[in-house]
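Here chain A shows up in two complexes: once beside chain B, once beside chain C.
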Partner chain A sequence: MGTAPASRDVTSYGMGLAAPLALFFLVFFVAPLLQLLWLSLHNDTAGLHWGVGQYLHFLTDPFSLSVLGSTLLLGAEVTAVCLVLGFPIAWLYQRVGPRLQTVIILIVLLPLLTSVVVRTFAWIVILGRQGIINATLQSLGIIDTPLKLLYTQFGVVIALAQVQMPLMTLPLITALGRIDPNLDDASCSLGAGSWRTFFRIVLPLSLPGVIAGCTLTYAAAITAFITQSLIGGGQMLFMPMYLYQQASTLQNWPFASAISIIFLLAVLAVVSVFTTLGRMSRGYGGA
Partner chain B sequence: MILNRRSLMTTALTLGAMKAFPGLSYAQARPLVFATFTGSWEEAHKAVLVPAFRKANSDAAIVLDPMLSVDQIAKINAAKANPPIDVMLHDPGPALVAIGQDLAEPYPVEKSAYYKDLITEAQEPMGPAPFFQVVGLTYNPEAVKTPPTSWADLWKPEFKGRVGITNLNSTLGTGWLVEIAKMRGGSEANVDPGFKAIEELKPNLAAVAANPGALATLFQQGQIDISPGNFNAIQILKARGVPVEFVAPKEGAIAFKTTIHIVKNSPNRELAFKLIEASLSPEVQTALMNSPYLIVPTNSKVAMGGEIARVLAKDTAELKQKFVFQDWKKINEQRSTWIERFNREIKI
Partner chain C sequence: MNGRKRTLEAISFEFVMTVIAIIALIIIIAPSLVVLIVSFTSGFSLRFPPPGYSLRWYAELWDAWQLHFAAKNSLIVALWATCLSIVLGVAAALAISRSQKLSARLLDSLFMSPLVLPALAFGLAALMLFSLVGLPVSPLTLVIGHTVVCVPYVVRNTVAALAQLEPTLLESSAVLGASRLYTFRRIVLPLIRPGIIAGAFIAFMSSFDNVPVSLFLRDAATDMLPIRMWQDLEGKLDVTIAALSSVLIIATVVLVAVMERVTGLSRRLTN
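And then the complex of A and B:
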């Protein structure tokens, strides 16, 4: 064969194929983001005077900080509800026959097939004064006057949890599916009870799925402008509505940009906590 | 015709460039672009205003591009020298913003056939008002047996937990705050009495909606029985069978001018003027006044009829007497402070 040309290293990869998408991201994501940052560094609404006044205004204002805090808290509550309700479904999915599996996956996916607006409106009907919950409780004689469910934090959390549930359940189903069922049997035959097996074997091994599900649910819940405003109403202020108010009603774009940059950083911080936990869990799972 | 690679490439590049830089092809001739509002506004304009305009102007090409006021302002600001919109439509607040940012062309009043027939409040030299939006009291006649007559009725103890309002994001919410402030001795410059009044209203408040549209849902769900509301929005609800009625309070119904403007540097200035003329004409305004649109006319030559004559005013004289107009220039000065205050203080 003579001297073969230096054989191509099969482990190297060309960047060429990724270039179109990279370019797309550069033009339609990175550039607008930089523009946003640029705009947020101005002290006046016309964008003429440089300064960090908008950031100072937000970070020294207890009210703005409380809006940020309540938004991050809302995300945590929704994520917790989704995790507690979604895990059993995912667990069940791995333990039933193929026909029931189809039914479960259909039930999980069905909400994704209708728009968020429609799902949210359904919750208005459920939570309203003459809604399903109040009507049932009243006809059972448990309450006399209708409970206030719509336009409360409780209502927002429940509605968001249902709306975002698939984002939690799907990664969990995948993660639980990757666990070898023999491990359960091994644990039991070695004398561990079901709860012990669950906490020592199933839960640690499913952690990557839990982390992925939590990240997705969290990010979706805190940015869910439609559900937050329709179920929460006009006096419950979360970051997306605050942003909309400043940008759209007041035309104060520099402050709105500063709010979005701060919101972005706060969310990135939370997501990086999740990712760190995920990295640690990988070590745990492998141990 | 022989297609070789080079000519094919040239054609593709040209088409691509035209698509990427629409200014290239639009510079010559572009249809008139009218940025109306979405929803019932677009329907009404498509059905009445556009056909009337095309009939009067030998089928001139026109495109409706419905969007919010804010988006209109942002889009024109992004290309001031060659704006993608020729005619814009605004609520009073955004109209002042657009004029303040030098986006509107003065209306050629002396050329206009209809301008002088408009009622004085609608005569705006930077863009006349072809329509009014009217805000009054909305109530559910099944739950509220005696129709309310005054804004003050909202504070009646019998409406405990039954009143809905909207926050100040909307023109409606802000206008209503100013009105109740005026009722208690305040003005466009001083809404303190209004905030105090809302504070006293808290026991009655069932909901603070995020936008006027959400109030409609709350009526449908029986969440509220009485609220300030937009005349047109109520008519749409009523037509769908929801039990709601509109009444103009004795203090006067709040009237917002919806103004229409020629965009500065528009390449279609002449057609833009013609479209606005059509919107001011008695023919178009009469058609829009009738069912199902029920848009309040501003041309004094239009004879009031139908639901508008029954609920609002029989003629221009009564209309002027029953409507209150607000000074949005003053309102805009402090609106951001009020919104901030509302955010902080109104928690129920």
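And then the complex of A and C:
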């Protein structure tokens, strides 16, 4: 700064331009979250008595803990399904011509931009008692009575996987595009088979993309309120609906705040684990 | 012998990967097609395949004033949230994009955090703040809440566009005597405009589709479309929703096609 004030760097702009958004975030994002934290540390709804009663309530209540557990598990299942289905799409993308590439990208992209309610509604039509799956199986004579697919864990996982698939596939396409295709040929010409090359060369080198995709998919899957509630129905309760019920229906804001904070911390923990893995994998991939 | 074994092995690998990829692409695209087909049913249920075809549910949709009202609210809020996101987001992106400072990196993390944090928790927090300061739920509170969760898309896409800008262009412009403002208007802005438009488009779509923030910040007077649809679906499985869904799907396809032409959207999201 002090060395050459005359030759100002023309390629960058002052930090002052970030001030409006920073201020906006301070007032409307950071302050509300701090207030959430503040209220969660009170034992009464009026916010007069400090204490960790809300957290104790959550952490000693088997029901609340099971809701948290099933939410985190749901995220893991959806992420796994997205990875298994998304990776081949990214792989195929790298092997087809530019026209087909555009087609694939647009197929992947469309759900991302289509309303979540619409996408979820589509799964109600597919999984319902008179839906495609049941109608097909019945007309083929495989089953007599309709299978219960809606309001099941299976239904929620498959619907969420479809809804969140773009978040997994896009980073994978980017990561696979960065791998030097010569490595593939080299591995094959040195005698490694396609499967071995895939698991020993392609997969490790694409780890940054895998981890980026998993982070986004996981975070989105566990907070996907609409899909969880419409496909899961009343019997299955996950953290977002639990939070909403406590806040809106029961008006128990301190407990809802504690649920929010615990949920926030759980998401942050998962994201930081993924980020750490990502940093390690970059070192691995670059070596 | 070895070569033959290897080709068989290569074929099995390519076969498995291609089959899974095609199944995955079908899973992605099928639900939208199913909704499009069911919306033309002549029956009263969401049975697939439909017993017959008609436009009756589109006629129903034409008269569904509650859905029209909610759609209008959603559009207005999304437009304002997008405008606010562009103004705040582009300025912030200019400040943090080429800076190596710690403060710039911290601000970048702050601006991106609404993408990862559970939006429902933010919705509740925002409601509590607004009720604390005595600001009633209104289109204004909705616009503020939506801007927080939509501005990251504008910041991210603008930063990405700025990162691809050649610094020598700016230096040449300065050497030739152009002021910073002139350089920005004539060089920087035209080059990053597609990035800004792409970010604004995604911000608009995510605001129009937002549920977790709207859930807490709207009331009956400011009903929002995704929430109206969700509540309709909780109550009964109305085929009108299928007609509305089809309209939204077609609108999305058209908008994406336009954006692909204007901004090269698909390249932006994979680079």
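As a working rule, the second predicted complex is superposed on the first by the 271 of 287 C-alpha atoms of A that agree within 3 Å, B and C clash if a C-alpha of one lies under 4 Å from a C-alpha of the other, contacts with A are read in each partner's own complex, and residues count from 1 in each chain.
Note that a contact is a pair of C-beta atoms (placed from the backbone, for glycine too) under 8 Å apart; a residue touches a chain by one contact, two chains touch by 3 or more.
Since the structure is predicted, the reported quantities are computational estimates derived from the model, not experimental observations.
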item: Simultaneous placement of chain C and chain B on chain A, clash or fit; value: clash
item: Partner chain in contact with A:237 - chain B first, chain C second, else both or neither; value: first
item: First, second, both or neither for A:63, with chain B first and chain C second; value: first
item: Partner chain in contact with A:251 - chain B first, chain C second, else both or neither; value: first
item: Touched partner set for A:128, first chain B, second chain C, both or neither; value: both
item: Partner chain in contact with A:150 - chain B first, chain C second, else both or neither; value: first
item: Partner chain in contact with A:217 - chain B first, chain C second, else both or neither; value: neither
item: Dominant contact partner of chain A by residue count, chain C or chain B; value: C
item: First (chain B), second (chain C), both or neither touched by A:164; value: neither
item: Chain C collision site on chain B, chosen from 3-11, 21-29, 75-83 or 201-209, when both complexes are overlaid on chain A; value: 75-83
item: Chain A positions touched by chain B in one structure and by chain C in the second; value: 121, 124-125, 128, 130-131, 229-230, 244, 247-248
item: Of chain A, residues touching chain C in the complex; value: 10-18, 20-22, 24-25, 28-33, 35-36, 39, 84-86, 88-89, 91-92, 102, 104-111, 113-126, 128, 130-132, 135, 158, 161-162, 165, 170, 173-174, 177, 188, 193-195, 198, 215, 219, 222-223, 225-226, 229-230, 239-240, 243-244, 247-248, 253, 256-257, 260-261, 263-264, 267-268, 271
item: Partner chain A, residues of chain B touching it in the complex; value: 68, 70, 73, 97, 166-170, 173, 206-211, 214, 217, 221-223, 335-336, 339-340, 343-344, 346-348
item: Chain A-touching residues of chain C, taken from the complex the two chains share; value: 6, 9-10, 12-14, 17-18, 20-25, 27-32, 34-35, 38, 45-49, 87-89, 91-92, 94-99, 101, 103-104, 107, 110-111, 113-122, 124-126, 128-129, 132, 144-145, 147-148, 151, 155, 167, 170-171, 173-174, 180, 183, 202, 205, 208-209, 211-212, 215-216, 226, 229-230, 233-234, 237, 241-242, 245, 248-249, 252-253, 255-256, 260, 265-266, 269-271
item: Residues of chain A defined as touching chain B within the complex; value: 63, 121, 124-125, 128-131, 148, 150-151, 229-230, 232-235, 237, 241-242, 244-245, 247-252
